[in-house]
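Take this structure first; my questions come after.
Think of it as A, B and C in the order they're written, each chain with its own count starting at 1.
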């Protein structure tokens, strides 16, 4: 199975991973090979089978609404690529 | 051609929890940037979410308030998209199994009629942070503040049952009234505590086929919402009548410039790839929890309105104004109880106080005049200590922080003279000093005498420096003049 | 000292035969000498280790120190370590120094264990050969032309080369058991939810589970007793008492019903590997265990189901690495989209990118049901296979992987060839069951692993079975050439 160029481009856009023109064919082939593998699922009869999202039949625990995390800005921003005035900086966001 | 408008609303309500939906960081408004964004809120590697119990309970309370089915088993999904204010690169939200199912909200319209707006569902989700485009930082960059990231929201999705801007506003205000009355949201619109996405379409009057809708996102005031709907309906009708077609798109409305624009390019690119969040397990709400929350559910606006008529003898109108706003309602009740006069307390709450708060854009929760203080002021009006005119002066004093009504009356010497002995002497003195006026009064035709009283009143009030109790003076004056006839 | 097991080292420390500082220095020296041959460790924390060792010696002197006190270990570089770089084998996190500890790290710290450093791994735990690490591949101590397996190849190679007596690891589709098998050591993947995932950088949240690697089952039991805990910071962590795994090591295997799935001895299984595993099974039968032929009919579907579910979850889990809050950011981004796309293209290696793209594909509109939805249903079928099997057997055994360690680059350009390496291990992750690998023979001078799968929370039983096997065999004592001296 091969994936068409425009599909690869869409995946690259959705996942925000730049794919260069020179590798797009190779990427497509290898993805295609993996999709051939997972396509084995298509033939399985799963009628009436529940989808399973969690291995355990557990339920969500709830946390009390109490403040436990105080200001850690300094420690957390020390490892940030670019900050100023306590803000994380990015190239201008255009809505 | 006549057109019908079809509107559906998606309302984001920030829940009044102390901490985030998935972390123990504070949600208090107005903190320094990123001082309330912990490792979880920042999506640091290896961090995991744990659900806030209060957020779940608040959502269930909303469901109970609108008589909705409660999702006894709800679940969280991830909604994937990249945006700098979305630290994980996905929003944790509910899609397949929301915590609140179908419900109903009844709205009242200006003509006195009511209408039911169906709620499709309401779900729990996390808020995003904020992108700041102007600040002290370098040119060409945006600053990201993640304090708001992870604040719990319920998103309330209505059916497209709304058919005008007026109904949309009535619906939005009713929701505001409900969520503030049951205490799950502070209702502070200016802080973004409630935000609206408006879906609008038009169709030929009477047609069964819905038109193509547009969605205008993130409106944070009733006024902007009204303007935006009116303009959008007009735009769609004009477009169709000119032979064009409405395209399904997301729009942004700028309340300052009153201009809406399309965000279509962004919309087309989106594919949110929802899937169940593997870090969170099914959320179970037991019947016991539901019943306990139901038992403790604060009074709803409709019930409160009825009670105000019944218990305080307020008019339907006064009861609806006071009963619909949780802050006003509790303020009024305290003032009424403190003063013993519901009618006067209602007048002052809706009149002087509301006007002043509105002028200065202060919420009633932050009113400089407390409900107790207003009650104290009303008490002094009721017992005739001060006149209505003096009361306004005292109100100003309380507003300015000079103390309680009694303190201000004392300090400013505003106490009304109601001592009848003193007043009688005052009247006697004024009559003696103005014999001409007295003669004139006596010689005037009986039917016209009443008009002459004003002159004496003016003199007496002047002599008492405005502190004489006018009703009492009136009585004494009439009595004394009659004796002279 | 490096030839001793953790159990023996504990005796040595407690009988004051040597101190933790001496022991720690010995392993640090070995790491300095030998690690360049294997590239198993990417960060050595000598200074902190010696300090911790000195503190441990004090605790040991005071008496009542916990079992692991003073024992040197290594952490897989997927566990966040406060103040120490945690790279996850990726350029993306080459500069990432977390200000917090993973719960697993915290548990060992509390117990007084001494951390020598962080081990190499496949990037974001995605790989079965350790060839995807940003820090270069790890050499298998048994044959440095061969891979150590992955993704916990650094931990496995370090333990095999006796650079540490034990190491932490993680297993999403076989990442503990497969490298343990290829490096001739013992490794345990616990039941999903037994070990906290807090601070363990997520690959596929519903499959990831941390576990120990050591030379013997007894050592794994000692480590797991320390590593496992209930953690309220991880919603998927199960609130269940941690048993004393060492206390359960004395049971003999007579009467033990061992399920032998025919699907685990299928085409593609190396002949020597099969022989070694069959011999091991016969050995246990001699001891009174009963071999029961069983079927896990959906085994063949586990690889395709896994390669939908794991990449889907990963595609969302890895969205947080966007160059905004931490980690790699590309040079001179021309705009926001360029910042995202280039930081992620430059920061992630090829295999990680491929899995993100696959996951994105499987979740995208139009494909969700056919891929993700279907895979979740197949996952249920696979779990049912095990449920049914455990109605008649106590444990399940078979090979850990199809063949012994393979040469670097030998899987070629087709990613699927590598994915099939995990054919016998993946199903237990999908079901959430515990599984172990213990050395059970040699093929071409390379170790073979016997896999032991238990029912939910049956770690004590499989550790005991492995321990009993190791009491009557010596495969676990074998050392690669030059390592034991």
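Methods note: contacts are C-beta pairs under 8 Å (C-beta built on N, C-alpha and C of every residue); 3 or more make two chains touch, one makes a residue touch a chain.
Quick caveat, the model's predicted, so the values are computed rather than measured.
Peer 1: I'd like the most central chain, judged by C-alpha centroids against the all-protein C-alpha centroid.
Peer 2: A
Peer 1: Which chains, taken as a pair, are joined by the highest number of C-beta contacts?
Peer 2: Greatest number of C-beta pairs in contact occurs for A-C.
Peer 1: Please identify the chain with the largest separation between its CA centroid and the CA centroid of chain C.
Peer 2: Max centre-to-centre separation from chain C belongs to B.
Peer 1: Measuring from the mean C-alpha position of chain A to the mean C-alpha position of chain C, what distance in angstrom results?
Peer 2: 23
Peer 1: Just give me the whole-number Å value for how far the CA centre of chain B lies from that of chain C.
Peer 2: So the centroids are 56 Å from each other.
Peer 1: Indicate the whole-number Å distance between the mean C-alpha point of chain A and the mean C-alpha point of chain B.
Peer 2: 40
Peer 1: What residues in chain C touch two or more of the other chains?
Peer 2: Only 96, 98-99, 206, 232, 235-236, 315, 319, 322, 324-326, 336, 340, 360, 364 qualify.
Peer 1: Residues of chain A that touch two or more other chains: which are they?
Peer 2: Residues 10, 14, 16, 53-54, 56, 58, 60-61, 63, 72, 76, 88, 90-93 of chain A each touch two or more of the other chains.
Peer 1: Scan chain B for residues touching two or more other chains and write them down.
Peer 2: Residue numbers touching two or more other chains: 39, 42, 44, 50-51, 80, 82, 84, 144, 271, 273, 278, 280-281.
Peer 1: Mind listing the chain A positions that touch chain B in their complex?
Peer 2: Of all residues in chain A, those touching chain B are 10, 13-14, 16, 53-54, 56, 58-69, 71-73, 76-77, 84-93, 95.
Peer 1: For the complex, which residues does chain B have touching chain A?
Peer 2: Touch residues, chain B against chain A: 17-19, 23-26, 32-40, 42, 44, 50-56, 75, 80, 82-84, 131-133, 135-138, 140-146, 252, 263, 266, 269, 271, 273, 276, 278, 280-284.
Peer 1: Which residues of chain C touch chain B once you look at their complex with the stated criterion?
Peer 2: 79-80, 86, 88, 93, 96, 98-100, 102, 197-202, 204-206, 232-236, 312-313, 315-316, 318-322, 324-326, 336, 340, 360, 363-365, 368, 372
Peer 1: Using the touch rule from the top, collect the residues of chain B that touch chain C in their complex.
Peer 2: Residue positions touching the partner: 39, 42-51, 78, 80, 82, 84, 87-90, 144, 271, 273-275, 278-281.
Peer 1: In the complex formed with chain C, which residues of chain A make contact?
Peer 2: Per the stated touch rule, the residues are 3, 7-8, 10-12, 14-19, 27, 30-31, 33-42, 44, 46, 49-56, 58, 60-61, 63, 72, 75-76, 78-82, 88, 90-94.
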